[in-house]
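Labels for the chains are A, B, C and D, by order of writing; each one numbers its residues from 1.
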């Protein structure tokens, strides 16, 4: 173990994602045998007291209140951006310029053009970079990828994904401010499209390749909400719900839907792929299972198989407990850190890179545009 | 029981639906206490041998090989149309003119204008009429209707429905001819839109009211198939898959999808409605269950309820067995006959009438048009 | 069809089972191509008015109020016994003596010795005989039998079955009388053991062979109930709940449990078999599905398969609708009639015969005895 | 946070449980705001190299190869026993004598009398003590406890639990030695009874109170296996499967079953409780859900509720992520550590204590005895 190299992390933001990432950095070395060991070097937040409490809780060695200072520190190897979407670009550009590796929360940027700027900067800097689309690393989803890559599904006909929540139905919920920046279009850029559909899109292009065009419908059910920062009732700028149809480059048809107004669903990300020979389905509420149907099974015993993805030969699972004992949401982040660290050791980028995430950004742009034009919109080329 | 009146049925067509209806006529009186008793008076099919075999099997008293003769017979009270879609209009117009009641298989017609003609004719004739959108009478779906009508869901935000099958994936499957007329655009009018989505639409407008506009995507995956009637390889004219987005008049957003290329799904009609207070979900593969989520349940014990719709206070179920013992697909037809007969007794139309079904037809038209234009299309007014 | 032979049925009793059987007789010829056609010749009940109403509803040609007369009628080929358990023996002995075929509701008898008398009589009479353990004919259960007989499971280690209900929890429910004779030990012989566990046992010995010995626990939760016939509060004589362990002759271990005090379960008959290579599970609340796990599936895609038993190559299902469209509870009776009629045509007994059912009776006897002695009890030999 | 007190842990054993506990100690402070912070002071294992590798991986400050030395160290506050069952007593007695707190893996001891000795010693020492029956701290199970304690179920009629595995079906699997000591009766004391049923029993007595008597059946399917330590084929001494019936002191009836020969089940611990008003069910393969049925729900919408136990008002869940995001197996250990630490702070024992675990031991003894005698055996009194 003495041969492990330290990788000093400077993390900006201390919200939900700050916690998820910190937990992942702390755990990864206990469960994965890696060349690099993340070190919680510094936590950064504008409010010093909050920063200190967060650092203290998670064992960060130091605290910064100005991310520019953090970015300049010589003892930091990688910057982890866990701040609201409207700050990603500025931080990433500075971090790239300072030669730091970057791990950026999703979505990459406020929109495609901004994302392109970030991609160019990071590629010019030549540093390892990754965006936290963590669902690629849920073992059941990774297993789906493996089955698809092995060609088991054959030609793909259909892809469908939904991300359904129900936490903003009350009219009394304010927009903006601490913990609620996702409801403020100025901080978030969009509503469910960037927050939830971006996840669905990232998984989809990973599993099923690129998209040609999309046709969308968006809605804001509650038109005005009190804004926590101004204290006034203001027009709501985000999309509460968004559905879109898509055509993939491989000829398959897709439907996507996301909303925060689906009673009974807390965070129900579901996906399904129908191929010529086999189909796959998964949902986040029971993330440790993969549903698999293979038409080549003998007819009388053919049926959807509920695979409890906890065996040692399932992706990542050999590193955890024993068969039958499930892991949870947080582990997807541990896996992503493990892959990032292995990527550094092997000098191979861990997906999704900024450029991979730009593709999602372009799709989101086309979706939001189509929501306005009511027409099919082409997806810009991110490659 | 001696007070029962006979209702003489003349049924045209002897395929899948001919069987389903005949079974319903035979059973309804055993389980429902009704003023009218259907009598299997005559079965009609072009091929006399087939007609006789069918009549013999189901106990029809006589046989016709020309539906025009059947329609003219004085001893027939009601004509049941179970023939391919392209024959509905002609038969219905003649039956209406002859003053017969009509029970017509779905979809009502090849398209909206043809349907309108049928509606006008039947309304002028003033005879009881009904279209066999049988899923309204699955007890779990009827229960959903009841819960919605009681206002339990509150304002509706989302409706989504799918009808997924996988039986036409093979390129070797021919189009047209006996048992395969659904794949022949000349006989069917459209593919999954008229065959499957029409069911989804009928239920949707029943549960959630009318639609304003739709935006659709259609696809024919296998472009050419051997035609069974001509013996030649011909261009396939039907839609193999169709997805569409819709806006309901009540402000809710909807997504619909149907395909015959979804491996693993035999006849998976699913629907879900999300309201302000409660949500409902149902699927045809387990048709005897209704999923219900009520946000007003106490928080710590809130969850989706899997209602086994087999109690005597559930719709129609008091007429069958005892709690816990499920019924199946065929019973939806029995219920529809029961309601039709009760409608005659009470001189109240049983839904869906031809006019109700016209609304579905107009939506299908808009969907198919949008699939071509790539734009949102308004739904014509059927009322 | 003119070659069909009539089989004249005389049915005794008009309760739940009388309805289920009558429905089966009426439907079987529509869906199964058989040499024999059941004819509803006579219905018998002590109360003439009830008998007439029942006969009228189901289309029985005549009515009897004395089963002895029915048994003597020359125009009756088969006697169907749907009366309370304490009358089975007397009727069966008379019917056998009169040379009638017998279809007897389960359980065969009040106890083993009585059952043995019936078996001897019927075998002496040499007439076709069958006991209505209908769950053998649920297609998913029949499929399970097929898979087991093909040796797919390998050596069997475990069998477990439960039959859980919740309809007698209220203390106010009376015992005895119309519709409640199952709660009256004098009419029923026992409680859940003869009513519910007998079903589980019949399926078990069919699927897994005979039992050597059992160890049971029985309980009567509510000790006294008003008796509907006497009008007095009387001691309850039936078992409200019964659980037992068993050792099968093939070396497998089993647990069985039944109760009418399991809140939330209306008629949840579940069974599971674990073999060396594969396992099978089924439950009555979703009777159209079979769960199947095969360890020989490739590891990473191994999981329980949920088989929707509605394909044309599934047992009995080719006679019904199309794949994906489920049948229900009542169809198990149709299948049993079909098999009985085919058995007559082929001169092969349809299972379970009286002798097969005697084995269940002996096991019930051993279970009830063990519930009293608190010891393992040997099962008497029925072969 | 500076006010936190350190609690120095000395952990013995480095297997599966050593990992699970170490992970819990490391994480608990990040997610729970507690007075005490566990410090990984020393890891102990006979093989120094293994001990060092383990310590290095988990961050233990030091290593011991003799547990007696560890127990004597002044800088150790609590001894965590993660060694095979046959070593628990000796270590615990020494640790108690040295005045250390003790956290002992389950089962407490090889049998009841040995357990009683441990209980007496620890109670005499007066130190905090706990046994790692971790399933009490799965949030869904803790929620079940809460619902029961609130009286929601009413009088309890039935309890049933199973723990099914399938990992020892192969005859080639050896017994004994590294990772396989659970198959060696000398190290484990028993087979599934102590390993798996002990979990079921611990939860059961926590949820449903004490047991009066039991009647059991045990089996060893594979009679001889190669022993890894001796290299010889030896008689297998453990029970491969064990089922038992029980009577609880509250009048309810129970069935328990465990086996390692149930194909398709990796670690399927299931439990169900049926009360007068409500029922509860849970299973380890989807541990983040609780099934709840409440008969007091309105009839037409009554059904089993599938509660996704991830809300902030669910037990422990406010400390983790956001609603809809599930935790896994390992978190039950974190919760148990949290409760233990809070117990120290509040000077209230965290359950189950050694004495609580003794009750489970006595039940296991009665079960194993009954498996031999074939009779009902009384459970000794642990209180």
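Here is the rule we use: a contact is a pair of C-beta atoms (placed from the backbone, for glycine too) under 8 Å apart; a residue touches a chain by one contact, two chains touch by 3 or more.
What you are looking at is a predicted structure, and each value in this text was computed from that prediction instead of being measured.
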| item | value |
| --- | --- |
| Starting at chain A, fewest touch steps before arriving at chain D | 1 |
| C-D compared against A-C, more contacting pairs | C-D |
| Superposition rotation for chain B onto chain C, Cα-based, multiple of 5° | 180 |
| Chain B and chain C: spacing of chain centres that average the CA atoms, whole Å | 36 |
| Centre-to-centre distance between chain C and chain A (centres being mean Cα positions), rounded to whole Å | 55 |
| CA centroid of chain C to CA centroid of chain D, Å | 42 |
| Junction residues of chain D, two or more chains touched | 265, 304, 308, 311 |
| Touching residues (chain side chain D, partner chain C) in the complex | 153, 157-158, 160, 164, 166, 169, 215, 217, 219, 221, 241, 243-245, 247, 253, 255, 257, 259, 261-265, 274-279, 293, 295, 304, 374-376 |
| Touch list for chain B against partner chain D, complex | 143, 146-147, 290, 292, 294, 297, 299-308, 311, 313-314 |
| Interface residues, chain A side, partner chain D - complex | 1, 16, 19-20, 22-23, 26-27, 29-30, 53, 56-58, 165, 167, 265-268, 284-289, 308, 310-311, 320-331 |
